[in-house]
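Each of the next two complexes has chain A plus one more chain, namely chain B in the first and chain C in the second.
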Partner chain A sequence: MLSISRRSGAPFMLIALFEVFGFAILSIREGALGLAEHLIDPMGIILMAGALFLLILQYWLLPALFRYIDRYVMILYNTLFAVGIVMQYRLNAQIAVKQMLFFTIGLVAMAVIIGIFQSGWLHEGRRWLYFSAGLLLLGVAMVFGTVTRGARNWIEIGSFTLQPSEFAKVALVFVLACYLREKRRFWGYTPLFAFVGISVILLVLQKDLGAALLFYMTFLLLLYVATSNWGYLGAGLGALAVGGVISYKLFDHVRLRVAVWQNPWSMVDDGGYQIVQGLMALVSGGVFGSGLGLGSPKYIPAYRTDYIFAVISEEFGILFGVLLIGLYVLLVFRGAAIARRANNAFHALLALGVTVMIALQSFIIIGGVIKLIPLTGVTLPLVSYGGSSMLSTMMLMGILLAVSQENGRADAETLDEAYDEEEWDEEDGDDNYQEDDV
Partner chain B sequence: MTESLYNLLATSFRYVFILILAVLFFRMVSLAVQEHRWARRPGDSAYCGVLETVRGGESIHYGITRDNVIGRSRRCDITLLHRSVAPVGVHLYWGRDGWILYSMNGRRPLRVNGQTISRKTCVHDGDLIQLGNVTLRLRLWDEEE
Partner chain C sequence: MKEVRRNIWFIAAVFITLFVVLVVSLVYNTAIYGGRWVNSPYNPRLREQRALVTPGDILDRNGVTLATTDDQGNRIYNGRKAVRKAYCHVVGDAYGFCPTGAETFHASTLLGYNADILSQIRQVLLQEPVRGNDLTLTIDVELQTLAASQLGSQKGAIALINYKTGEILALASTPGFDPSAIEGAESIADFSSEDAVLINRATQGRYVPGSIFKVVTAIAALERAGISTTWEFACTGSIEVDGGVVTCSGVHGKVNLVEAFAQSCNTAFAALGLEVGGANMAAAAEKAGFNEDFMFQDLTLYSSRYEMNAYSDDYDLAWSAIGQSTDTVTPLHMAMLAGAVANGGIAKEPRLVVRSDTVTGFLRSTMTDQRYMSTATAQTIQEMMLETVASGTGKKAAVAGYEVAGKTGTAEVGGSKSPHAWFIGYVADSDHPLAIAVVVENGGGGGSVAAPIASAVFAEAIQSGY
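After this line comes the complex of A and B, so read on.
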C-alpha cells in the first residue's frame, strides 16, 4: 500500500491527542470531585505514558519489522483501543492497567503471528491442527468450564480465567480458509460441516449464544463467498431459523432474551433491567454526551464489557458512537480490500474470515445494546474489557496484517526480482524498436 | 479545582473528542478513496505524480502510475518525442525501496540530479532525471506532504 505508508502520521497524532486529553481530564476527576486527596491521579499519567509509548512503538517498530503491513488497519485498531482504554480508566483505574497489559500481550501475539505466517509455517496443509485446536478449546470449556453470568464458557487456571471460545474463533478462521479455498462437491465439505456443527452445539450447550451465532454466521458467509452458491446460503439461513425456533422452545434463557428484547420496559425486574438501563444511558447522553466522567455508567450491568458501547455513547455522545461504528465499517472495508488483493484463495479467505468475524461481532453486540436484535453477550472488539477477547482480536488483526504484508511483498518483488534475475540485453534495446522511431 | 470547574472542562471537551474522532474518520475515508484511485490494476490510469519537462522535448506534464516504462517508442507508457532518448529508456516503478528508476538501455546515458546512473537508483520528489537531452523533474504527490 503506497500512500498510507507515508500519510499515517496525522491519524497517529490524532489518536495520541485523544489519549492525552482523555487521560488528562480523567486524572483530575476524582481530585476535583472531592473523591481523592490529591488533585492529580498518578495512575492516569502512567497510563497516558504507557498508551503513548505503545502507539509510538508500533508506529516505528512494526513497519520496520514488517515493511508492507497495512498501516491503515494499524490506525483503526489503535483508535478503537484508545477509546476503550480511556473509557476503562474512567470506570476503574486497576481494570485499565490490566487492559493495557492485555493489549501489550496482544501486540506481541500479533507480531508473532505475522512472523510465523511470513515463515510459511501457518499454511493450508495444517488443517487437522486447526481443526483439533478449535474443538479442543471448546471441549475444555465444556468439561472444565465454570458458570459466569449464565454461560459455562470460562475456565480457571490458578488465579487466571480464560474464555476458550475466544481463541476457538482464530482456529475457526483457519479451518474455514483451509476447507473453502478449493471448490468441492457438497460431500467434500463434510469435515467442515462437522466442525462447525459440533462447535455450535458445544457453544449452545455452554449457553454462549453470542459466540454460537458468531461461529455459524461466519461459516455461512464464508461458505457463500467461496462457493457463490445461493442454495447453501438459503439452506444455512433456513437451518438457522429452525435452530432458533428449537432453541426458543427448549431453552428458558432464549425465551427470556426474546421476551426482553420485545418489551424490556414491562420486564424491568425480570431480565429487562440491563437493556432498559442501556437505553436510558444512550438517551441521557444525547447527541454530544454528558461529558467524560459525568455519566452514570455503573447502573448498567456488564458496563465494562458487553455494554461498553452504551457507556461510551452516554459520556461521549451518540454522534461519537456513530463515528465509532463508522470505524468498524472502515475496518471491514479495509479487510475486504486486503482479501481482494490476496495472492491465493487461502490468504483471501483468511483475511475475509477475520473481517466477517469482526463485523458480525460488532453488529451482534451494538445491535443488542440499541435493541435492534435480541441481546447476546459478546464483547465489542478492542473496546470492551477482557483479556481473552483482546488477545484473540489482536491475533485476528495479526492474520489480517500478515496477509497485507504478503500482498505488499509479492507486489514489490514481482518487479524487483525480474530485474535481479534477468539482465537486460543491451543490444536489443535499440534494435527491437527501430520501427517505432519518430 | 472545584466540581463546577471540572464539569465545565468535561462538558467543553466532549466537542473536542467528537471533533478528533470525526477528523480521524474522514481522514481515513479520504485515504481510502485516494488509494482506491491509485490502485494498480491493468488499464488503470490513476496517477501518483507527474514528470515535468524542464529542458528538451515538448513542454508537457506526463502523468505517472506505479509502473511506467519511459522511452521514445510508442509502446512505452510515457513516450518522449525526442531523438536523443532511447526507444526503451527507463523503468520507473514503486519497488522494495520506494520509487526506483531502472535503466533499460546501457548505451544512452541516464543521469539523476547530474549524476550518471549505471543501472538502478532510488528517486524522490523533485529529482531531475535526464534521458538523452531531455530533462524531466519528478513530482510525486505522495512525497509532497
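After this line comes the complex of A and C, so read on.
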C-alpha cells in the first residue's frame, strides 16, 4: 500500500507556494495596471491569507478529527481548488471571495458528512431518505425554478440562487449504493430504475442535459460494477444512443449543438461562437502559457464556469492543462483504491459513485472544451466558479473521505482484535454482500 | 464483493483510457491546428494586440516593403496602386477582410503575439511601445505585378513556384482590391460583390480543370493499368459511352498516348479513363493530392476534388477522365502537380514565408513533401508535356532559348459561357526550376489564352534569374 508519511507536509507546502506566488503576482499586477487603488491589491493579500489559513487548518485539524482519512484525496482537492481560486481571482476579485466562502462552507459540509457517516447514521437502510431527498431536490427546481441560460435548473432563495441538481448528485450516490449493494434479479431494481428514470426526465425537462448525462452514466457504470452484467451495460448504452438519436431528431437545440460541434468555424455567428472562442483561447498561450494575468479570457462566454479549462490553458499553457487532467486521473486512482479497500459493498459503491461522478464530469466538460465531444455545460469540479457545484463536490469528497476513514478504522480494529483471522481480501464469502432476491 | 473489486479496477481503467484520449486529442489538435486557430480572423486577441502593438513589416523576397506602419500607427502599403492590387490577396489587409492574406494568417508573427513570457510581462508592466516581427515572403513583387497585369481585366489566377524548393514566386488573383482603400468599408459585404474580390482565386478558387486533368489520367494509366506510351486509339470526333456521347475538339484519327496527350484528344482520354477504371483513377488522383485537406504551414490551400470511385458509372467516369464531370481543382495545387512532374514525382510543400525573426510558440515541423507519382511515370509525363509545347496545343507557351513543357485545358463550364482557359507547365531547365498554373475564367481556349500568359511569366522570371 503506497502511503505518504502521515506527517509529511511537503505537498501542502507546494500548494501553499503556488497560492502565494499566484496571489502575489496577481495583486502586484492589479496594482501596477491601476486596476486597484493601491500599489498592491489588498484583496489579493486577504485571499492569499484566507487560502493559506484554510490549508493549514485542514492540515492540522482534519487528521486530528478523523485519523484515517485519505491524505492523497485531501492533497488533490486542495490542489484543484488552489488552481481554481487563483484563476478566479485573476478573473474577478469579488467572485474569488465568494468562491473562497463557498469552499469554506464546503469544507464544513465535508467534515460534517464524515462525522455523521462515522456515527453510522448514514447507513444503507435509509433508502427512502436518499430516495425522497433526490426527487425532492429535482422536483423543487421544476416547480420553483428560474430560467438561466435556457435551463430551468436554478432556484432563488432571497438573494441566493441554488442549483438543486448539484445536491441531487449526492443523493444519487447514496441511492445507487444502497440499492446496488445486494445482487437482485432484474425486477428487484425497479425502484432504482424508476428513480433514475424520473431524475433523468426531470433534468431533461429542465434542459440540464449535462446533469442528465452525468446521472445516467453514473447509474449505468455502477450497475455494471455491482452486477457484472454486460447485458445491462450494453442495453443501457443502447438506450442512451437511441435517446440521443431521438432528441437529435426532436430538439432544435440538440441538432444545433451537434452541428456546431462538427464545424464551429463555419457557424461562428450561429452558435459556434463559444467553441471557437474557447479553441482560440486554448491554444493562444502555447505550450507554456501567456503568463498569469496576460491572457484575454473574457471573450469566451462562461469563461469562469464551463470554460475555465480554456482560460487556464491560455494563461498557464497547454502543458499545465495536461497536468490538470493528470490531477483528475490521480483522483480516479485514489477513489478506486478507496473503493476497493472498502469493508462492504455499500461503502465500495459510495466511494466508486463519487469517483465516477467527478471523473465523468471532468471528462464531459474538458472533452467539450477541446471539441473531442459535443459541448455539454457542466462545471469543472473544484475549479469552476459556482456555489452549488463547489458545495456538492465537497460533499462528494466528504463521502469519499468518510469511506477511507471507515476503511482505516476497520483495519485498525482487525489488527487490534485478532491476528489469526484471515485478511478480508482473501475471504471467499462476505456476509455483507449476499444474494438477496426481492 | 470480490467481483465488485475487480469491476472497480475495470471502471478505473476505462476512465484512465478516456483521460489519455483527452490528453492525446488536446496535444494533437494544438500541434496541428493551433497556429490556424490563433490566426483566425475571429480571434479578438489579435485585434486587441493590434491596438497595443505595431505590427511588423511585410517584405518581398528582395526586401521590397509590401506593408509597413507609419508613426501615426496607420498601416501603409506599397505606393503604387497597381502593385497593391496585384499582391492584395497574398498580403491581405489590416482588418482581416481577406483572411487568407499574410496580415491575418501570419498575424501572430507580425504582432509578436507569441513573444516569450518575460518580454510580455515587461511590456505589460512598463507599458513599452512594442513592435511585432517582420515577415519576409517568398514572392517577388515585380513578378507578382507582372502576373496580375497579364490577367488584366479578366478574372483568373496564376501560381508560379520553384518546384525544387516549393517557394511561391508569384500568386496572382484577379480582380483584386486595394488594401489601402479598404478602411472605409463597413463590412466584408461591401467587398464581397459578384466579383468576389476578397477571394484568393489561386488558393481558394475551385475550378473545373478540363484537359489539364489528363495529366492525372495519364499517370493512372501508366502507373496502375500497365498502359504504355504505345497505347493507341482511333479518334473519330466522338465516342458513345453508356448511351451518352463524349465529343472531341476535332477528328484526330489514329493516335498513340503521347499524341493523344499533345493534341488533347478527348475521345482517346475518355476511352483511356474507362480502361483504367474508377478505382485506379481515384487512387492515382488521391496520390497526386486530390481530396486532401492541405495543412500547409505558410498558407491555406483549398483541396482539389476527384469524386469518382469503383462504382461510378461509365458516363461520369469518361467525362471525369478529361477533367469535366464533378472534378474541381485549385490553381496552386495544379502548379504543384506540374512541379511534381518536373521534379521526378515529388511535390514540395508550397512556401510563402522566407523567415520570420522569432519563432512562434508552436512547433514548426519540417515541410511535408509528397510523392505524387513514381520517378519513371514522371519521366514519361515529362516527354508528353514537352511534346505538347513543342508540337501540340501548348505551342504558345514556348520561351525562346528554353525548353518548356505543359498541358493546356479548355474547361467547359456549361450554358452559353465561354470555357475556362488553363495552362499548367514548367521550364525544363535545372537552373530555372519554375512551374506554373494559369487559369483565365471564361477566357476561351487554353492554348490561345492561357499558354501565352505562361510564356510571358516564365520569360520574365528567367530574366530575373529564378
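For the reader, a short list of remarks on this structure follows.
FYI, the second predicted complex is superposed on the first by the 406 of 438 C-alpha atoms of A that agree within 3 Å, B and C clash if a C-alpha of one lies under 4 Å from a C-alpha of the other, contacts with A are read in each partner's own complex, and residues count from 1 in each chain.
Keep in mind that, in the parts below, a residue touches a chain if its C-beta (ideal position, glycine included) is under 8 Å from a C-beta of that chain, and two chains touch if they have at least 3 such contacts.
Not measured: the values here are computed from a predicted model.
Contacts of A:F333 after superposition: both chain B and chain C are touched. When both complexes are overlaid on chain A, the residue A:S228 reaches chain C alone and has no touch with chain B.
Legend: residue contacts after superposition of the two complexes on their common chain; A:L294 is shown touching both chain B and chain C.
Of the two partner chains placed by superposition, only chain C is touched by A:G367; chain B is not.
Using the contact criterion defined above for the overlaid structures, shared-chain residue A:F320 touches chain B, although it does not reach chain C. Contacts of A:A16 after superposition: neither chain B nor chain C is touched.
With both structures placed on the common chain, the touch criterion links A:I75 to chain B but leaves chain C unconnected. On chain A, the surface touched by chain B in one complex and the surface touched by chain C in the other have residues 29, 32-33, 288-291, 294, 333, 430, 432-433 in common.
Looking at the complex, you find that chain A touches chain C at residues 29, 32-33, 221, 224-226, 228, 265, 268, 276-277, 279-280, 282-291, 294, 296, 299, 318, 321-322, 325, 328-329, 332-333, 335-336, 339-340, 344-345, 348-349, 352, 355-356, 359-360, 363, 366-367, 370-372, 428, 430, 432-433. Listed in rising order, the residues of chain B touching chain A in the complex are 1-3, 5-7, 9-11, 13-18, 20-25, 27-29, 31-32, 34-35, 38, 40, 48, 66-67, 71-75, 81, 83, 86-88, 91, 93-96, 100, 102, 104-107, 120, 142-143, 145. Chain A makes touch with chain B in their complex at residues 1-4, 6-7, 10-11, 14-15, 17-18, 21-22, 25, 28-29, 31-34, 39, 67, 72, 75-76, 79, 83, 288-294, 315-317, 319-320, 323-324, 326-327, 330, 333-334, 411-413, 415-416, 419, 424, 426, 429-430, 432-434, 436-438. The touching residues of chain C, when paired with chain A in their complex, are 1-5, 7-12, 14-16, 18-19, 21-23, 25-27, 29-30, 33-34, 37-38, 40, 42-45, 48, 113-114, 117, 120-121, 124-125, 360-362.
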